[in-house]
Amino acid sequence: MIVKQTTLTVTENTGLADGIYRLRLVGDTSAITAPGQFVNLKLSGFFLRRPISVCDWSDGELTLIYKVLGHGTEAMTGMAPGTELDVLTGLGNGYDVSRSGEHPLLVGGGVGIPPLYGLAKRLVAQGKRVTAVLGFNRASEIFLADEFRALGAEVIIATADGSAGLKGLVTDGMAAVSDYTYLYTCGPEPMLKAVYSACKTSGQFSFEERMGCGFGACMGCSCKTKYGNKRICKDGPVLEKEEIVW
Amino acid sequence: MIVKQTTLTVTENTGLADGIYRLRLVGDTSAITAPGQFVNLKLSGFFLRRPISVCDWSDGELTLIYKVLGHGTEAMTGMAPGTELDVLTGLGNGYDVSRSGEHPLLVGGGVGIPPLYGLAKRLVAQGKRVTAVLGFNRASEIFLADEFRALGAEVIIATADGSAGLKGLVTDGMAAVSDYTYLYTCGPEPMLKAVYSACKTSGQFSFEERMGCGFGACMGCSCKTKYGNKRICKDGPVLEKEEIVW
Amino acid sequence: MVNTKVTLCGIEMDNPIIPASGTFGFGYEFAELYDINMLGTFSFKGTTREPRFGNPTPRIAEYAGGLLNAVGLQNPGVDAVIETELPKLKQVFHKPVMANISGFSVAEYAEVCEKLDAQEQVGWLEVNISCPNVHGGGAAFGADPKSAAEVTKAVRAVTKKPIILKLSPTAANIAAVAKACEDEGADGVSLINTMPGMRIDLKRRRPLLANTTGGMSGPGMFPLAVRMVYQVYEAVSIPIVGMGGVTTAEDVIELMLAGATAIGVGAANLVEPYACKTIIENLPAVMERYGIENLTEIIGGAHHG
Amino acid sequence: MVNTKVTLCGIEMDNPIIPASGTFGFGYEFAELYDINMLGTFSFKGTTREPRFGNPTPRIAEYAGGLLNAVGLQNPGVDAVIETELPKLKQVFHKPVMANISGFSVAEYAEVCEKLDAQEQVGWLEVNISCPNVHGGGAAFGADPKSAAEVTKAVRAVTKKPIILKLSPTAANIAAVAKACEDEGADGVSLINTMPGMRIDLKRRRPLLANTTGGMSGPGMFPLAVRMVYQVYEAVSIPIVGMGGVTTAEDVIELMLAGATAIGVGAANLVEPYACKTIIENLPAVMERYGIENLTEIIGGAHHG
């Protein structure tokens, strides 16, 4: 990973679903090298930056999807097109697409879903057959499902209240897929734990942690793994299934 | 004084002279009742408000003139037309125009000049003969002089380096006026002191102090006067010559 | 309908919001802006035996988290407070008020408290022990448990009204100071007072405040207040008035979870004159968001679980 | 041309800027971004005798003036620092580095210092006495002059390199602690370390940090740092490394006027990875604006006049 501090300009900031927004930015995206990496946004009036996963990117363009959680993400909803943002880009290791095999299974919950979109796009481009299990609390919170389908991925929706797709958790969706070759996942920790238990192949898991710096300097985001202590921000956020210590 | 919190919108923010800007705002100005009052501006990213004198106002319009001094006033220069500002209006006692007599002398130094403009306008409207002595460091810092002339006031300029008008201080300018009936002044404290000594009539002096609140609640801006302790923000900023204790 | 009522040392309050001493004067400036009877109560300007002008100006400076003040307890003295301020206050405020008392000797505290004890309008006596003890080498009464206990004892002897000792964050062990006050009969403690800090004027190359140092307050002090309220809650069983950097209804909930029964709001009033009104108006919606029906039920809530 | 050089305990530095311990790792992350040889020096991550994972997460919270951290001294232990980190550092940093040492007993401090004393790359030993003394009931070594003196004495016995005692703002009298260190042979003091604070998660109704409390740092602590540096400057004649909330070149001048010889920059590095580079680049212009030709001439300047 090579960190780059850059100024990106907002071109779009629109609601996609209940409390979920898509932020499109233009500028230098050259430091972004793999799906599953993240950027760290400076918001005016807040001391710490806010880490948000890269949903998709191309040369000069970046898409993020964020959920309103606290004061910072609330303030983000007010950023009009034209707003300039100070962003650290190229953070984190990201997913390794070379590990996918022929039929990768992507499992995402809530705002764990966005990084899987950029991943799916690259896997599809490599001719892989992609199945995505996307978990939401309820129908009104669904986003990105159509975009996954447009890529050509098979999409299985699970909602906790049954208001769309399967009633249940992403693990219920996973049960419907028998022949996947590898697993990529991102979502809240309880979900990751359940996916870990249900997972029948090897795989990569993307974690969240509160961060001081986001580029490996402060040890704010450490976790223990079978291969030693790691920093979620720099040695992660993606860990191999085999190294995870719950 | 009746304090009013209101939202004003920037319509103009332009440089007038070296480091001096004019800020025009529109919105509810109903709490402003006398020249020499001030407003207190909330700036994003700063905890304390910034007190700035009312230079001129009318129903729905307000003009301020400010000098870049520190980080707050520096940030103010970036406020584009359309910016909304949270402002406390109607602060301070202001000058009493009824005391002027037929030939009031107005003496201002630097950013002490703006409140005298609104005063001059009202005195001229009452048919008074107004003379204004305006002091600056150098010619490049001169502002408002033409506007005073346009009102019909006699203007005497003094510059510390002699690059325009009289070479010297405002007191040198005062020496050229013999028949004034009353004095109104505003400027840095050393200037006020010198004006006090030179002044041959009664008069009103406007003071500056670092403020916590600007509306009388914190005792941050107290001074001693012959009539007891006063708060510059609420019982001032204008004091009678007779009550001043240096 | 959520319930915002709390009981502070036996006196019920409509809500826990108390504008903090020194930031609300004697209430008039705010009474011109809104009906201050909507407040839980308020703590009036720190009152001493003699009238005081306080420190020379500049008395105010700024920092990234709020302001520094070195007002130096300007007040008209207890007799003028009783003769002039309280009768004026009666016109606009009809609830028991919190009297804030400062002193520079144990005897002064007792004398001022005794006088204010006799005032019917006064509900609580908040005794600010952050002042330097002129007979104790200039260290603050609140700096160590022993001198805090002495003040408490002396004040306890002259009043049956609830006494609330106001603690300083400079204490090496603020929980121990609180405990010492409780042991001598304090009905409550309030914390935190301001934290001494300093700014320097780069142009003059001299301390910016005429008094050299000033007390830091505002949102930059909030986590310090939360920590200290949390620690004091574990040490005493008398109620705590929590304050230090509160600006929103969420902050109120956070300090109450740490252990506060009522909440002081200081610096916020100075830059947002409607701050307390806004907090009180927002409180019910914020309570609903976090599933709180009765405010009292969350006091100290962060200690369990 | 202005002169930004300062001399810290006999070692000349190109400028006074020292990234503070715990915010700059062992330098590599920043060496990828800019040439860290432009720094005065830097203080590496607090090192203990044994490897430490530190506290459970979450370790980071935010407040209006900066962040709270409860990293809990995660480090690979002194032996790994010597075997792995220092040789790696040698590739990218060619100046004497400041070693930051933590411990939980006087013996541990001495042992770690002795090992680091033998490392040629190490210029100064910065001894962090904000840690709890496991043999002293858990109070921090830096909380009182006596235990601070003990650590100083033990460390002094094992090294001739300059030792700089790093003080905690929780000390009841930080000037007295500094004096005690000086009396036992400290070559300098550095201050302030973080101030314990706390945030509570309103949803979970529990302390937000797994460790309950965390250290406050960032611009919200700056006036506290200025005040303490000012006070310590009046008490000792050894040099002071001032830190706490520095984010700009103006802040550097302000802390030096208060009495600092060199300046630590912590939290700012985390949110602005180029913070120290920017400060160093801006310093000459800011010096010119305030008429400063030699930085050393302003050290303690706010005390005279």
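Just so it is clear, A, B, C and D label the chains in written order, and each chain counts residues from 1 on its own.
The rule is short, and it goes like this: a contact is a pair of C-beta atoms (placed from the backbone, for glycine too) under 8 Å apart; a residue touches a chain by one contact, two chains touch by 3 or more.
Note that this is a predicted model, so its numbers are computed, not measured.
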- [ ] Could you run down the chains that neighbour chain A and chain D together?
- [x] none
Open item on the list: Based on mean C-alpha positions, I'd like to know which chain lies farthest from chain B.
Closed with: A
Open item on the list: Suppose each chain is reduced to the average of its Cα coordinates; what separation in Å results between chain A and chain B?
Closed with: 56
Open item on the list: Taking the mean of the C-alpha atoms as each chain's centre, how many Å separate chain B from chain D?
Closed with: 46
Task: Distance between the centres, which are taken as Cα means, of chain D and chain C, whole angstrom - done: 34
Task: Residues of chain A whose C-beta touches two or more other chains - done: none
TODO: For chain D, write out the residues touching at least two other chains, lowest number first.
DONE: 61, 63-66, 218-219
Open item on the list: Graph shape for the chains shown, where an edge means the two chains touch. Line, ring, star, complete, or other?
Closed with: ring
Task: Touching pairs among all chains present in the structure - done: A-B, A-D, B-C, C-D
- [ ] Within their complex, state which residues of chain D touch chain A.
- [x] 22-25, 29-30, 32-33, 45, 53-54, 57-67, 69, 71, 74, 218-219, 267, 269-271, 273-274
Task: Contact footprint of chain D on chain C as seen in their complex - done: 61, 63-66, 68, 143, 170-172, 195-200, 202-207, 212-214, 216, 218-224, 226-227, 230, 245, 250, 253-254, 257-258, 290, 298, 301-302, 305
Task: Residues on chain A engaged by chain B in the complex (per definition of touch) - done: 44-45
TODO: Spell out the part of chain A that touches chain D in their complex, as residue ranges.
DONE: 2-3, 5, 42, 46-49, 88, 209-213, 215-224, 229, 234
